[in-house]
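Before anything else, here is the set of structures, which you'll find just below.
Shared chain: subunit A. Partners: subunit B in the first complex, subunit C in the second.
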Partner chain A sequence: MHLEATNRTPEVSISDSVLEMKGECYPEDITVFAEPILESLAEKLEACDSYSVSLELRYFNSSSAKFFFDFFEVLEETAAKGKSISIEWRYRSSDNSMKEAGEDFEEDMEDADYQLVEI
Partner chain B sequence: MDSHDFHKLLLSRGTFFCYSGLLSEEVLSAISGIVREQVSDIEHDSDLTTRVFGVFIEQAQNIIRYSEERLAEGGIGTVAIGHSKEGFVVEAINPMNADKMLSLKGNLEELQKMESKDLRKAYKQRLRDGPPEGSKGAGLGFIEIARKSSKFEFDFVESPELLFVLKAWIVP
Partner chain C sequence: MSGGLFKQEEALLNDAKEKETGNSIDAEQYMLLLKGYEKLLKQTRRLVKMSDRTEAQLNLMSKEQVELNQTLSGQNTKLETLSVKLSKYLSPQVYESIFSGKSEVRVGADRKFLTVFFSDIVSFTEITDQLEPEMLTNSLNAYLNEMAIVAISHGATIDKYIGDAIMAFFGDPETLGPQHDAVKCVTMALSMQEKVKLLNYELNKMGVTRPFNIRCGINSGICTVGNFGSENRLDYTAIGNQVNLASRLESASGVGEVLISEETMLLTQEHFDFEPNQEIHVKGFARPIKTYTVTRLKETKDLSANLSFHSKGLDLEIDPLVLSEDSKKTILELIPHLQNIIQQSTKN
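Showing the complex of A and B:
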């Protein structure tokens, strides 16, 4: 699955072992954006033994925050079942908002390997 | 007021962007790129410009939600961004239903009293709990505005329909 970036949504690519997302996220309708991604991710997680996620966001709005919360919950639940899940939250060194957001999502991660990466 | 007075008024108060009318997600798509560019032209600190943009998006989406509720009554809104040597100000004005006023007032007064670490906690808690009853968004928008801005003020004005006015300052 590959989605090109738009001015309101990030570039997303989902393969059997890696999900990457890069850009800004404040879609017109968060459900329309989120559902196919969460569905595809669930399929890949079901089929894999290990999975990597890399997120590099510059901005997301409050409606998208709920999507990311659900997204990380799915990853953590999968890790809790014994699969190897690694997550990279990449943020620019000057970007305090995205650093804080990354730290907030990190709080709920126990079994998934979650790394904050300053770029 | 003459047209040129209106123009001069906007200039004199440092308002470099102003949209007034029916606001929809389609309209927001059309203007958000321009707003992003304008803010970045004025200020090069990307952390600051993202905060200004973030507050603008939340304010605009608040108006959209209120407009949807009131479409039959022709709900419209105004959203504007200004700049002075102190920093940026994002203003939104929209008609609202009077029955929501007290709960909104209470909610915003509570947010005004909170420090940034408490706002951060409140945001996380709201994410966990999901939207409050009767909220069209995730209920996070005002917490986000309070977090990203340096301070905010609000008012309810009867003129004669009830207008909700929200003004947020974003300074370095």
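Showing the complex of A and C:
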């Protein structure tokens, strides 16, 4: 699955072992954007033993934040079942806002390997 | 729109409602609801935190934007002040052409049909010897200022001042066509001659006892006009044999006269009367150059002709070819007012 970036949504690429997301996220309808991603992710996680996620966001709105809570919950639940899940939250060194958002999401991660990566 | 965002939470709530019997709920359902509530509370806290952070960031950006706008506004004011100062070093047409982006500020020139004008004050060197430096500065500046006003009002591009000499031309960066440009140039020269007479009255009051007399030379032809110099220092000017000829005509002109070439005469003969003058020899021209002295504006009822009157207490310039609708309306409104002024001044 591959979604090109738009003015309001990030580029998303989902393969059997890796999910990558890069850009800004404030879609008009978060459900339209989020549901296919969550469905595809659930399929991939079901089929794999280990999975990597790389997120590099510059901005996301409140609706997207709720989507990310659900997104990370799926990953954490999968890790809790014994699968190897690694997550990279990539942020620009000058972007404190994205760094702090990454730290907020990290609080829920116990079994998944969650890394904050400054770029 | 985010209707499906809370799908899980809504499903949990609906499930609990369905299993609820009277005033009781089973323990398992209660625990699910409790867990769901805890999760929602946690997410809500974080969302509020994120939202506050975003709001704080927006406020900061807004403040920065206000500061940036203030800085930009200050810089714009500085730029405007600077451009007003700079405009005094340029002809209005050249200034407009550069600042509107019509002309590129780079080394380069074009061949264009221009009518070129030169003037200088007769025996100015001798006059300067008789004047104190301050008086000289004041009188020369008063003279150049008055001439510039006349030149600009006729649409001339003032090329440069060389001491007491003035070089101007018509045809670039704006042109009304070779004929109209030439007519405007000759009209300007005659107006300058009239203006100098009035100025002498003022200069005499300042203590300049020897009157200024000017001579003017005009030629029309293809010239090279544009920016000359280096990338660091450009000079917008016109050059070529036709420019040199205009300069030579000025040197050959009589005191208080306007001497023009045959080319200019042919372009303006419908509007002015001329007297043939001596032929002159100019370097770069194989044959002798026929010259003509402009004697006066032809008396004509042609509506396209300029109206130009300058005498004590009267400064009038009307150019019907470029007159705007607003200006026409203003003239009509002024006519009764002018009649009142004449009647009042006659009574006094």
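The working rule: the second predicted complex is superposed on the first by the 119 of 119 C-alpha atoms of A that agree within 3 Å, B and C clash if a C-alpha of one lies under 4 Å from a C-alpha of the other, contacts with A are read in each partner's own complex, and residues count from 1 in each chain.
Everything below uses one rule, namely that a contact is a pair of C-beta atoms (placed from the backbone, for glycine too) under 8 Å apart; a residue touches a chain by one contact, two chains touch by 3 or more.
Everything numeric in this text was worked out from a predicted model, so none of it was measured.
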Here subunit A is shared; do subunit B and subunit C fit on it together or clash?
clash
With both complexes superposed on chain A, which partner does A:T31 reach: first (subunit B), second (subunit C), both or neither?
second
Once chain A of both complexes is superposed, is A:F69 in touch with subunit B (first), subunit C (second), both, or neither?
both
Given the touch rule stated above, what does A:S50 touch, subunit B (first), subunit C (second), both, or neither?
neither
Touch check for A:R8: first (subunit B), second (subunit C), both, or neither?
first
Regarding the shared-chain residue A:Q115, is it in contact with subunit B (first), subunit C (second), both, or neither?
neither
Considering only the stretches 41-49, 95-103, 149-157 or 203-211 of subunit C, report the one that runs into subunit B.
41-49
Can you list the residues of subunit A that meet both subunit B and subunit C?
28-29, 62-63, 65-66, 69, 97, 100, 104
Given the complex with subunit B, which residues does subunit A contribute to the contact?
7-8, 26, 28-29, 58-59, 61-63, 65-66, 69, 92, 94-97, 100, 104, 107
Of all residues in subunit C, which touch subunit A in the complex?
1-6, 8, 42-43, 46-47, 49-51, 53-54, 57
Which residues of subunit B touch subunit A in their complex?
25-26, 28-29, 32-33, 45-47, 50-51, 53-54, 57-58, 61, 120, 123-124, 127-128, 130, 137-138, 140-141, 143-144, 148
Okay, in this complex, where on subunit A does subunit C touch?
28-31, 34-35, 62-63, 65-67, 69-70, 97, 100-101, 104, 108
